[in-house]
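Think of it as A, B, C and D in the order they're written, each chain with its own count starting at 1.
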Amino acid sequence: MSKLRVAVVGAKGRIGSEAVRAVEAADDMELVAALGRGDRLETLTEAGAQVVVELTHPDSVMENLEFCVRNGIHGVVGTTGWTEDRLAKLTSWLEASPGTGVLIAPNFSIGAVLTMAFAQQAARFFESVEVVELHHPNKADAPSGTATRTAQLIAAARREAGCAPQPDATTTALEGARGADVDGVPVHSVRLRGLLAHQEVLLGDTGETLTIRHDSLHHSCFMPGILLGARRVVSTPGLTFGLENFLDLG
Amino acid sequence: MSKLRVAVVGAKGRIGSEAVRAVEAADDMELVAALGRGDRLETLTEAGAQVVVELTHPDSVMENLEFCVRNGIHGVVGTTGWTEDRLAKLTSWLEASPGTGVLIAPNFSIGAVLTMAFAQQAARFFESVEVVELHHPNKADAPSGTATRTAQLIAAARREAGCAPQPDATTTALEGARGADVDGVPVHSVRLRGLLAHQEVLLGDTGETLTIRHDSLHHSCFMPGILLGARRVVSTPGLTFGLENFLDLG
Amino acid sequence: MSKLRVAVVGAKGRIGSEAVRAVEAADDMELVAALGRGDRLETLTEAGAQVVVELTHPDSVMENLEFCVRNGIHGVVGTTGWTEDRLAKLTSWLEASPGTGVLIAPNFSIGAVLTMAFAQQAARFFESVEVVELHHPNKADAPSGTATRTAQLIAAARREAGCAPQPDATTTALEGARGADVDGVPVHSVRLRGLLAHQEVLLGDTGETLTIRHDSLHHSCFMPGILLGARRVVSTPGLTFGLENFLDLG
Amino acid sequence: MSKLRVAVVGAKGRIGSEAVRAVEAADDMELVAALGRGDRLETLTEAGAQVVVELTHPDSVMENLEFCVRNGIHGVVGTTGWTEDRLAKLTSWLEASPGTGVLIAPNFSIGAVLTMAFAQQAARFFESVEVVELHHPNKADAPSGTATRTAQLIAAARREAGCAPQPDATTTALEGARGADVDGVPVHSVRLRGLLAHQEVLLGDTGETLTIRHDSLHHSCFMPGILLGARRVVSTPGLTFGLENFLDLG
């Protein structure tokens, strides 16, 4: 079987250089180009890239993707900063290049994406749901974006299912003890030297609890999701937003 | 809204008496009968039961269900001992009573059922998967039936997806250290005074792990699943095998 | 070897009746009396009790202990409400009855006591320490008394060792996300249906974390500590406050 | 306060180069030398080193320590391969150089050392104790050396306290399900991509469990122990074997 021809754009960054190594290590892929800032985009067509992994910056991502889509090169995009406007522009390029696909994912960690998906599926079956996220102490925001998003998805699933508010008989509490309230879902943020990024969704009902826990121990945790995206995007024309769409979750 | 009229058969047993309490406590249900060994089945029709929760014994379950189905009473069945023959017989009764539904579930714990479902969904996305189950030390079998079943479902999902065998460089091992091998999935059984029934599915790939953990802390953990079954079976004619079919997992 | 002759006072209560069963089940003990409200204290001397397990009420505990100590019967006391005054009175009775011992313990769970002791020992060796406590949703106070006490012990150990404040770069936080502040130690309170009483102490430093977790799954968790107290108090004259003193922690 | 003058020998290795960075980052230390293979030992005296962190190889450690001890330089030693003979030789050097101290530690992770210490302290108070260790799948041995050592310490503590054998009613087991037997303590080895080195000691008794868990997320986890060793060894003449001796565990 011929190998998938993959290029990395933004290959000098921390995640980009991991991506270069991951593509090189994958049996079914060939790394055909690795571009840094200032390198010519034409290298991608000259090298015959089928998929570009785009890990640059909001300032350059649109130019890079316009080039790729126009040349029928599929894209797997980790760069952030997507607005309605930008998505509309990208969609119009894709319409003009039928057969070409682009995957944009806010999070390429398969574990994180599955945690959110499972939390959503389970949320309505339990009286109680809380989120505990644990990160290194250099993190500036609390809760983490992922935890906030997870809590919002849980809250939406419960609202849709008509769940009652969570039981909580607390009458005497120290300020902050019961966590932050995100749409009715308590979220607790632990900051601990030695940790990287971790999240637990705790669900409880009569006599039982279900815990879904995701641990990121190294930033290479995005690589399996990026490779999966590259393999799948070549047969998924148009725009796909979110890695969960490639996880066949039904 | 009128309440669902529910009866419990096998109401004196440990799980049966929990079910009586759970139905009584449910806002949307009315307990219309609670039958023990030797009680007349006609009580069920006289009481106008819409759903019977059947928690008896393989010796009596067929007679009880035949009566219910013939009288258009839906069934939620926790009794075990189902063979092909028995299922065929039940199916024929249901065909003769269109509109009547029966749910048979080997496990009414929603947490346990979701753990298995999520493990199946996630299994193919991770290089490594192992199962650790933890129970009280009076348990006779190791691994537990649930853990064995979970490992089999994981193995099947990986086989179907064409996953490679799990990485394991172990060359020097004490006998038993790497657990039991269930279709290529290592399963470890912990027996600890103080525990009831607990299970962890551990999945790992580059830089991250995902853990799905179910804790049964009390045998009342079957009640939410039994009530859910009763609410859903009334609009699900025919035979449904497994609570997962009522969890809308897609 | 002759068995230890044990009586339970307050034998009809939830914990008291567990204690009756636990003493009966212990190979090295004999239950010689089980007194409820209104029963004559003389039964204790007539039955030849060596140790009394006192599980009653602040209203009756002083009278009960005065009788025991005067008659040279040792005491294991779970009743609360101890003031300086009461302790002084008890101490004076014990001085008048040399050889008699009384153990008062705010918590008879060996796991809870060890969790606090280990947290204290470990606290000064890690840059970061936080406490997560998890209870059923009917609990009125947050954090739990045990979690507050644990955090205070941790804070005291760190102060004594001259530890720096914990690192925390949080600049943007939802209210409550970082938990309650107990003497500089963040404490997070989770309330989840299905749980009983659980506590985790999380300690982190460069590249590693240490977690000490205590799970109470049933209120019988106090029994091993009560039996241990009864075995040890007979050779420990005078007043002992806290089960930790019988755990040989050095 | 003047800073502690520290040198690293074996400064080019993976752990050695971490140690160089850790000493440089410590407020109370000054890195005065960093020697690699072939560098002159005299550099240590010329630089005025007070403590040498020795992270080399069994082939060179004896020569290095002889030089240090003869010159009154204290040692913190992570190099392995210690035999009775070698320890005797080192002890004789230390006797000839009163006031000089050497710490040899098989494990410089404070978390790992505390886990073992706490497991030992707790072991006799619980009916059941098991060990689960979890590592990356490239590990050759199962169980890990640390887990085996932990189980042996637990078994010794229970033997000394006269504990009964652990309860286990297993009559039907798949081979390996109940783990490896290390002196009567079951040990389970999980191998999972994404993990580094993790260990859980699970203790259970009536109604409660206590879990002590150590997670190594990065090999920098040895640094806090090495720095602690350097700070303490300067006032601890003679040979100290094991970091636990510097943790004031009573």
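The rule is short, and it goes like this: contacts are C-beta pairs under 8 Å (C-beta built on N, C-alpha and C of every residue); 3 or more make two chains touch, one makes a residue touch a chain.
Since the structure is predicted, the reported quantities are computational estimates derived from the model, not experimental observations.
Colleague: Which chain has its C-alpha centroid farthest away from the centroid of chain C?
Modeller: Measuring from the centre of chain C, the most distant chain centre belongs to A.
Colleague: Give the rotation angle, in degrees and rounded to the nearest 5, that superposes the C-alpha atoms of chain A onto those of its identical copy chain D.
Modeller: Fitting chain A to chain D on C-alpha atoms yields 180 degrees.
Colleague: For the pairs A-B and B-D, output the one whose chains share more C-beta pairs in contact.
Modeller: Spelling it out, more C-beta pairs touch across B-D than across the other pair.
Colleague: Quick one: report the Å distance separating chain A from chain D, using the average Cα coordinate of each chain.
Modeller: Measuring from centre to centre gives 38 Å for this pair.
Colleague: Could you give the separation in Å between the centres of chain A and chain B, each centre being the mean of its C-alpha atoms?
Modeller: Distance between chain centres, rounded to whole Å: 33 Å.
Colleague: In angstrom, rounded to a whole number, how far apart do the mean CA points of chain B and chain D lie?
Modeller: Centres of chain B and chain D (C-alpha means) sit 46 Å apart.
Colleague: Show the residues in chain A shared as contacts by 2 or more other chains, in ascending order.
Modeller: As it turns out, chain A has residues touching two or more other chains at 126, 194-195, 203, 205-209, 215, 217-218, 221.
Colleague: Which of the residues in chain B come into contact with chain D in the complex?
Modeller: Residues in contact with chain D: 126-128, 130, 132, 134, 137-143, 148, 166-182, 186-195, 202-209.
Colleague: Where on chain C does chain B make contact in their complex?
Modeller: 194-196, 215, 217-218, 221
Colleague: So in the complex, which bits of chain D are touching chain C?
Modeller: Listed in rising order, the residues are 22, 109-112, 114-115, 118, 121-122, 125-126, 203, 205-224, 228, 247-250.
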